[in-house]
Structures are given as C-alpha cells and as structure tokens.
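See structure below.
A, B, C, D and E are the chain letters, set down in written order, and residue numbers restart from 1 in every chain.
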Amino acid sequence: MAVEAESAETESRLHRLASRGWAPKALTFVSLLGLLAIWWIAAIIADSRVLPAPPAVLDALHRDAVTGELWFNLAMTLMRVFFAFVTAMVIGSAIGIALGMSASANRFFDPWLILFLNIPALVVIVLAYIWFGLNEVAAIGAIAVNKIPNVVVTMREGARALDPQLAEMAKVYRFGRAKTLRHVILPQLQPYFAAASRSGLALIWKIALVVELLGRSNGVGFQIHLYFQLFDVAAILAYTLAFVVVMLLIEFLLVQPLEARSTRWRPKRA
Amino acid sequence: MSNPSKPVRPAGAPSALEVLVRDKRFRGADGVLVHAIDEIAFDVPAGSFTTLIGPSGCGKTTTLRIILGLDDDFAGHIRLPEKEGRTAVVFQEPRLLPWRTAEDNVRLALPDAMESENLDDLFAIVGLSEMRNRYPSELSLGLARRVALARAFAIKPSLLLLDEPFVSLDEMTATRLRQLLVTVWSARRTTALMVTHNLREAVQLSDRIVFLTERPARIRGVEVIDRDRSARDADWRERTVRDLDRRYSGVL
Amino acid sequence: LFAIAGPAGAQESVRIGVLKYGTVNWELDAMTREGLDTAHGVDVEIVPFASEDASTVALQAGAVDMIVSDWLWVSRQRAEGADFTFLPYSTSVGSLMVPAQSEVETLGDLKGKTIGVAGGPLDKNWLLIQALASRDFEIDLSAENEIAYGAPPLLAEKARSGELDAVLNYWHYAARLEAEGFRTLVSGTDAAMQMGTDGPVASIGWVFRDQFAEEHPEAVSGFIAADQATKALLATSDEAWEALRPLMKAESEDAFETLKARYREGIPGRSAEAEAADTAKLYELLARIGGERLVGPSPVLVEGTYFTGEGNGG
Amino acid sequence: MAVEAESAETESRLHRLASRGWAPKALTFVSLLGLLAIWWIAAIIADSRVLPAPPAVLDALHRDAVTGELWFNLAMTLMRVFFAFVTAMVIGSAIGIALGMSASANRFFDPWLILFLNIPALVVIVLAYIWFGLNEVAAIGAIAVNKIPNVVVTMREGARALDPQLAEMAKVYRFGRAKTLRHVILPQLQPYFAAASRSGLALIWKIALVVELLGRSNGVGFQIHLYFQLFDVAAILAYTLAFVVVMLLIEFLLVQPLEARSTRWRPKRA
Amino acid sequence: MSNPSKPVRPAGAPSALEVLVRDKRFRGADGVLVHAIDEIAFDVPAGSFTTLIGPSGCGKTTTLRIILGLDDDFAGHIRLPEKEGRTAVVFQEPRLLPWRTAEDNVRLALPDAMESENLDDLFAIVGLSEMRNRYPSELSLGLARRVALARAFAIKPSLLLLDEPFVSLDEMTATRLRQLLVTVWSARRTTALMVTHNLREAVQLSDRIVFLTERPARIRGVEVIDRDRSARDADWRERTVRDLDRRYSGVL
C-alpha cells in the first residue's frame, strides 16, 4: 500500500510539471493542425471554387502580400479596430458600471440602451458618414457607437453581481473612490471585462468590415467586398485568415499571459 | 492528477474509517510549496465518534477534504466505512446555495427516496421554523450554520464529517444542537469525525480525541474516552478537560 | 480623337466615387491613363469604394463630387429636396439570363420556376420585365414563380450551380454568364423598348449636385468632353482595353471579349432630347407599375433631373 | 430627537412604497419621452432628409403598416431571430460551460473559437447559402453560427468564475449531474447568461439584417436595404423602430419580470 | 432612503458611543416583515470596552451594521465618539479581497499617512509571518480570520467593532490575540464594542456586558465590571461566569 501511494505521488508530480511546460503549446499546435486538416478534407470533398483548399488561399495571400496590399489594408483595419476598441471599452465600461450600481439610473437609461443596442449598424454608419464626413474619425466613431451598448450590457450584469460584503468592508475602512474601484470593483468585473473584450474585439472587426464597405477606400473590409463581387472566395479567406492570425497572436502573446496574471489568485482546478 | 490509490470500500458490513495521509503539500500561487501534513494516521471505528483537535491552520480541514475525496493529490490512503453509505458534511462555512431558501437548501441534499420527508421537527429543533422560506443572505451567520447542520442531519448519513459545527452559536442553541447530534449519531450506526477547538465539546461528545501538532501536522496523541455519555456530568467533564489540558498544553 | 475642348492651364478637379472593380472605373482608368482628363482641363481623382451604396453615401457626405447612379434615384431625391442632377453614361442594363440548354424560350415559359433577381423587387428592369410578361403572356412572374432576391455575386453563383432557373443580374454579371454559355432571355433594354420607348435609354449616368455644376462649370463641361473622348477611344481601340485587363478581372478570354462587346453596345448614341423624351415616357410607365414606392411622390420625372448645362431647375 | 426619528421612519416607508408601485413605470415613461424629445430636437436642428423628425417616420411606419407589409416582414425577421437565438444560446452555452470547466478542452479548442469568432458574417452567410441553398435553414443556421462563438466566450468566463465551494458541496451530497447543473451551476451563470442573451438578441438581429440582404426575399433587413437603395431614411428608421419596440416589449414584459424572479435572492441595493 | 437623524458628532474630545435603535425591521424577499430589533439603547463610554451577548439571530450584527452606517433604514439614533477618528471592524466573516495577498489586504486598509508602516511585528504576533504572500483561498479559515484581525489592529482605530473575532481559533492562538487586543485597545483611547457568545472571553475583556433577548432584540440587562484587568485571575473569572450564568440563564 505504501509503495503504491509513493509511486502515485511521483507520477502526479511529473504530470503537473508536464502540464506547466511544453504540453499546452503542443496542444495548441495539434489543435491548429486539426483545424487545417478538417478544412483541407472538407475542401477536397466539396471540390468547388466556393471552398478552396489551403494552398489556393495561401496563393491568394501570397499574391497580395508581395504587392504590399495585404499589409497596408490589414494595418488600416487594425488601426481602426484598435482605436474603436479602446474607445468602446472605456466608455462602455464606465456606463455599464454606473448603470449596474444604480438601480434608478438603470431604470431611466434602460430603454435608451435597448434602442442603441438594436439600431442597425448600417444606420449608425451612414448617419456618421453623412454628418461627420467620410473620414477616419467618423469611421472609428461609428464602430465604437455600435459596440458600446454591448459592453454596457455585459459590464452592467457584472456590476449587479458585485459582492456587497466587500463594498461594505471598503466603505468602513475608507478606501475612497479610486482604491475601491481599483482593488474592490474592477477585480470582480474581470471575467465580465474578459468576456466583453474577447467577443468585443471580434464584433468590432466585423463592424469595421461594414464601415469599410460603406465608405472607406482601404482596409480588409474593403478588400473582402471587392473580392466578393468577383466571387473570389480564396482571396476572401486569405484576408480573413490574415486577421485571424493577428487575433491568435494577440490572444496567445498578450491576453492569455495577462489573464493568467490577473486570475492567479483563483483556486486552480484540474 | 487523480490518485490511483483510491479508497477501497469493503463489500459487506461497515468497517472503520481508516485515514493515512503520509504527505500533503500545496503549491501556492507564487510557486512556493506549503507543507500541510507530514504524517497523519488514525482510525475511526465504525459507528464511533472521533474528534480532531489541532492548532489553527495545521491541516484539519485538509484532512477532511482528503477523506471526502475532494483532494486526491496526496500520498497516502483512505478507506471509507461503507460502500453505499451516504456521507454528510458540515463545512467550516455554511456553503448554502444563495438562490435557494433555507428549506430548499436542506431538501436539495435529500436523496430521491426521502424527497417528500417531513422536515418540521428538524427545523423546529434547530430553531429555524420561522426561517424556512428565508434566503441565506437574509440569515444571520448563526442561522445559516444551523441550516448547514440541518442539511447534514436530514439525510441520515452513515458517515458524518463536521468542521467546527457549533461556532457562532449561543451556548443554549449549541447545547441543544449537540444533543441533536448525539441523537442523530446514535439513531443509526453513524461513523462521525468532528473538528473542533472546543475541548469541552470534544470531551462531552467523543469516543476518542486525536490531537494534532502545528503545521505540518503530525499526531500528537490519541485519547480514548470510554465513559458512558450519560455519565459525563459537568464535574467529570471539568476534571477531564483539566487533565487533558495538562497533558496537551494549550488546548484549553 | 476629339479636339481639345477645355481651356488648358486652369485645371479644375473632380473627385469621382466608383466601385473599384466596377465598369465605371474601367472608363475612368482609361481616361486618366491616356491623359484625356487633363487634356480637357479637368483633373479626375478616382475615389474607389467597395460598394455602390458607399458611393451614394460619399456623394451626400460631400466626400466626392460625382458618382454613377440612375435617374430614377436622382428624380426621387430631387422630389425630396436634394439638388442632384444626371448626365447619361451608359445604356447597359441587366438582363434576364437562362442556361443555354434551358427549355425556356420566352417569358411565357417562366412559370413555376425559380428566378433570381439582383436589385430587389423595385429594380427597374424587373418591373419592366414583369409588365411585359403580364401584357404579352398574361402571367404574373412574381406571383407564379419563386423569386429569390439577393446579392448579385451570390445569384450569379447560384445560376451557375443550377439552383436558379433564370437570373436577372447586372450587365457585367450577365456578360460573364453569357461567356459561360448562358443566353439572354430578355434584357432590360428590350423590355423597355417593347413597352414603348423608342430606343435604348441610358438609365445610369453621372450624378452630381447642381451646386457643383454652378460653381465649377468648366469642370463639368471639361469632364463631359473627356468622357466622350474616352468612350470614343474604347469604342474603337482594342489596345486601350488590354490595359484594363487587371481591373476587369475577367475569368477567361471569352468573358473579356463579351464584357468589351457589351460595354461598347452600351455607349449612348442618341441626342439629349431623344434621351430625355424616352426617359420621361419610361418614368410614367414605371410610375404606373412601380407606384409611389418606386418613384416617390412625383408623378412625372422631376424637373432638372437631366443636366442641361444652364442653371438647373433646383 | 425621538420625534425626529419617528417622522423619518414614516417618510422612508412611504418612499419605499412609491418605488415599488407606479414610480418605476413613470420613470420608464419619462425616459422614453426624453429620447423622443432629443430625437425631435436633433432632427429640427439637423433639418435634413438624413435625420427625419418623428412624424415623418411615423408616416412611413403607417404607410407600410396599413399594407400589412410591415407586419409580415417583422414577423419573418422575428421568426428567424427567434430560432437562431434559441439555437445559438443552447449550443453556445453548452460549449462555453464545457470549455470553462475543463482547462485542457479549452486549451485545445481556444484557437478554433478565435477562428470562428473572427470569420466575417459575410463569409459564413455566403458559404451557408452556397452549400445549403437559398432557404430558411441556411439563413437561420448562418445567423446562429455567427452568434455561437460570442455566447461561448461569455459563458466560458462565467464557468471559469464558478464557486468551487458550492461544487464541492454538491459533490459530497451527491447532487448528480442534473441537479448540480440546475441548482448549482446555472444560477451562478445567470448574469453571464443575461449578458449573452441581451447583447446576443441585438447581435442576432443585426446579423439577420445581413442574411436577409444577401439572400432572403422578405424580412426587415430586406426592407431596410430596399429603402437604403432609395435612400429613404424615414422608412429605414420606421422599420428599426418597429423592431426596437418589439425588443422593448420583450424586455419589459418578459425579461425583466423573469430576471427579477431569478435574482430575488440577491441582497437589494438602494 | 437615508435616515435624516444622522449621527451628530461632537466637535472636540471623544464622547461615548451612544446607541439607540427603537425599531428595526427587514422586508424579506417574499415580502414578509422580519422584526429584528424592538428597542436597544446603551452607551459605550469613550475609551471603554463593551461586549454584546445575545442568542444567535437576535440582532447583534444588525446593531453593529447600524453603528457603522451600513444600514440607515431604522428608527433611532446613533452618536459616534469622534468626528475624525478611524473605525476598524472585524466582520463575522473574514471579508478579505480574494485577489490580494494577506499582507496587501492589511496594507490596503491603512490610511495614506501610514502607508509604509512596518507590519513585521503585527504579522508575527498574529502568527502569519509565513503567510504574508498567500492569497485568501490558500488560507485556512482560522488564518483568514487572523488576517482580518490584523487589518483591524493595523490601522490603530479610535472606534473598534468586533463581531465574534476569536471563533475558529485554537485556544492558544485565541489567548495570544486577546492579549493583543487589550494592548491595541489600551495603547490609544480606543472605544471598543465586541459581539461574542463566549462569556469567559467577555468577562475577561470587558468593562461592561450588555445582554440581549431573543429576536426582536431588547436589553436583558447591563453588567458593569469594574475590577482591574490584571486582577481578573482564573478563579475570579470562573466565579463571575457562574454568577452571570445564574442570573442570565443560558449564556454559558
């Protein structure tokens, strides 16, 4: 029995070491390979222009990469996504937290929120362009306005679920506004913030595509719609992939390490 | 991460609860190893009542979690008394579902066969008759602890683990609930293991007391109390407590 | 080549919003490549967009001076107070296409079929073809068939795959289908002429504000001249077309040739008066079949829709 | 002093009665009036076809309401939104909870999730139409596929923040899978579910607009694009408003009462 | 919903903490009214130590919350001892920020002027030297309670409220911490109010003890203890406890 237990111990320690080292990276790699395989097989089965196989997409990617078009358009879109994202997250979080913490403010602004949530992107974008001109500010503003209500909704739920016990503690010990926000409220909102920003980045990029379609002369959305008119699916997928790769890099190099740091305190699960 | 030395349950009649934890370490969030348990080995004979006493932070709750199968990352071996028996536990915190009323919290723990059990007597004796429809956030801590006790008693367990069950209660309520515990425990052949810091409580309730050292926990000594419970009057209790206090300094 | 019309030297500039791979851009590309714009005293700046909607937004936002759109839209906007005006650009319109081996020979055979329609239920050509079908064959195309409205490239693709029995699509999609073996059942122009116009009506044209024309008369006249020169060039020179290949993105030589031929067919050749008269006739016809939803509040083509050069009605 | 306190008591009881009775409704009403006023004033100041005043929009609404078109198209869109919503919430929640509870499954599927999050709606919709034909199933499926990754992301954060103490309690008391899910896990996920479904309904409706634009012959999206071609902003706003009204009704008659019931247990805040 | 009868703070020297709660009811989630406090009125003289003893669920925590200004929906009147003084509280639960280490939890409560205070001695005396960098989820309940105590002591409060501060601690630790409490309390003119179920603890520490009835709470009696703390030996304590137990049945 003793021997049995001893070996168990050694084994499980090893296991844990592995899962801290190269194993997660390998898993991610296998996962990406799996995706590629599924795509390739599906393309072979479908055998149509509409679902090109990876080499065709790589070709298209390469074609636009050497002319520099890909980089330029990608950069333009990323620039718009970045500014719109920061604007939307800051404004949306502030409003969301305020509404979540005050029942009467929420009762007043809830109908407004629902209105802004449901205004079609098209309407906002067209109005922004017509009022503020076809410029970057209008474009970025329109994207942000589309996204803000979503951030508000998520952060509001978070603010509603805040622990009143910790708030009382902060009040008694006179934490003051800044300390309470930073050390008591924001850490509790972290999962909501994570949800809002992950799905937010994706949503913003999708709106950026429409914004570029309706009034910009560059960007991935511009290119994708051009290729849609030519029904060049390989090129569309090439641009999509380029953006997805950027998102994957952001996720693995930026978001996940940050998140691991900020949730270090949580009891680990198997 | 599962420990292959799974509890081996006997096929037939209940046997003792056997606890052997030869080593338990936690890895802290900052990577530092915390050595919680050095070596603990003791038995709780079937149907008996054992109490665990040790300094705060020595590893008592950890031991209970290991017995419950909530932590299987340890070196050692656990043998549970019964294969099919029900286990009840009173955690150190009430651990109630905040979105369920006091009564629902108790009812949800009932096995299907007991679903429509009449709980009136139980709620009356723990002093919660008026509070059955309250949500946990509307209860004082002492009331919430009583709900947790009611939940453990309601399921008529064959193995009962209690982690400081009677703190945050006034003495009158605590006394009443200790009596209830003895009733529940003796009604069936329940094997019970209780953690407490209250030596008087331990002396009153237990068949044996296991004293633990500071962290990392080792056994400091095991005392068997074979006096009949009805004969444990106030005087005898005070004497025994004093005696134990002399031999295990700092427990009173 | 035409003589140089504009006063050289003082260059006026015109910003024109176009679809990047659209047919208008072919023409403008040829114009600027050959220097025909500067030769006529204007400097054309091409602002590429990814959709037609984008160019109408751009015109209203003041980001461009000129776009290509149709007169129906112009008339409707004028009726609501805008000061857009219209100058014919092309008579090329959509066509109703069927696969080569289809048993559909006339509109009358289109019963119980699946028809794809680009441009939606208020598309001019679709209304005309429906009117024609109901007059000549007494069938109600939209009631007796399954109509799929949708995005032009998607409908073209669906026609290729056979999910649609017939498709009414914009002319360059139709031309590409034609190169792949589809045949024209009826074109928008045919339908209009059968319904009473005297000749092919240029339904799309250059659209700009009256205000722009008043402030920059030389720019407009110079541009008109440059446009005519470019059309003349493209009508005759095959070389000029070679340079346009990258913009046309033709899938095949056949497609390239068909696109070229259809473009040339679409160059308006009639006098401004004949054009305007036919348009008015067509407008009334459309007002009758499309109703107010299509043409807006005005029962007749709004005064000033056609650019005349001398202070438009607005 | 005693008198002072007495009166205070009476007053605050009254106050509370009021805030339970007609006050919230009045507040909502004032809020809606405020919105209307802002819109009207903005329209008068802008004085442009691009931002019509309320009467013009009402006119447009009335015009399409009497022909029955409005109701038909609204019903079609609502039908699509409903089915897509249910599909996306069910599938997305299931996947999200699974990923949130298993670190290794999450490590494997995270790249897939990021891919699906970032595929442009256009691509999914076009591929769906091409593969499954121009039909309702393809349309609803395409909407759902667009929304599912967002639900997954939100629910995953919720599942990660689950209280391990309650899970342990459920395990010891042998709640079993169904009971644990229903009474322990889902109530903790409620705020995440609320966030995902509120912003989800809005997102689904926006995607529905694109789906209808690209390949359906009815629905609000179809109408809005029709009017966009004519640049009839009043009609566009009329359809938008019609949808917003439906959303407001759902919010106030369905979601809020349900939510109030399911969060009754939370300590109330001022 | 704010109660207009705001605490009136004196301008100069600290005065007594005056508590008058004439009525306190909660509205339960199901609309039922819970009558928590009927009438409670007592003073805690400036710089004195008062203990509150009452049955579980009678309204002790509610009284503390009212004093702290966390609940202002009551009929009555509170007068705080000092205008600018710091208040520290040990809640019935540890109430630590889970995402901050033990040390950070204490440091965050420090007023700006004390920011870089050396906390080594404090952590040593509460027995947390090794645990300063642990997160709350890595602490046993007893350790977490000690962090909460350290937090209250660290800020050198002029008003100190304690809600069952020494439960879940072994007797040795509890004794050490009671001594620490007396030290902290006597170092400045701290006014202290403690809730406990432990009559021995109350007798040892307090200047006066307020006994409460069952819910809805009323004052059952107030006992003033004017014996010097150094003269309160074990014998005297046992005698006093027994005496009080006779007069207030059920408190021991």
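General observations
The working rule: a contact is a pair of C-beta atoms (placed from the backbone, for glycine too) under 8 Å apart; a residue touches a chain by one contact, two chains touch by 3 or more.
Here the structure is a predicted model, which means the values were calculated and not measured.
Identification of common neighbours of subunit A and subunit C yields D.
Traced through touching neighbours, the fewest hops from subunit B to subunit C number 2. More C-beta pairs touch across the A-D interface than across any other pair of chains. Between the Cα centres of subunit C and subunit D there is a gap of 41 Å.
Between subunit D and subunit E, the centres computed from C-alpha atoms are 47 Å apart. Averaging Cα coordinates per chain places subunit A and subunit D 19 Å apart. Looking at subunit B, residues 29, 93, 135 sit in touch with two or more other chains.
The set of subunit C residues that touch two or more partner chains comprises 53, 60, 151, 157. Multi-chain contact residues, meaning those touching two or more other chains, occur in subunit D at positions 50, 126, 130, 228, 264-267, 270. Listing the residues of subunit B that touch subunit E in their complex gives 26, 28-30, 32, 34, 53-57, 60-61, 92-93, 127, 131, 133-135, 138-143, 146, 164, 167-174, 197, 199, 250-252.
Across the interface of their complex, subunit D is touched by residues 24, 27-28, 30-32, 35, 46, 48, 50-51, 101, 103-104, 107-112, 114-115, 117-123, 126-127, 130-131, 149-150, 153-154, 156-158, 160-161, 164, 191-192, 194-195, 198-199, 202-203, 205-206, 209, 221, 224-225, 228, 233, 236-237, 240, 243-244, 247-248, 251, 263, 266-267, 269-270 of subunit A. Contact residues of subunit C toward subunit D in the complex are 53, 56, 60, 73, 76-77, 80-82, 119-122, 147-151, 154, 157-158, 161, 163, 296.
Residues 49-50, 126, 129-130, 133-134, 213-217, 222, 225-226, 228-231 of subunit D touch subunit C in their complex. For subunit A in complex with subunit E, the residues that touch the partner chain are 165-166, 168-169, 171-175, 179, 183-184, 187, 262, 264-267.
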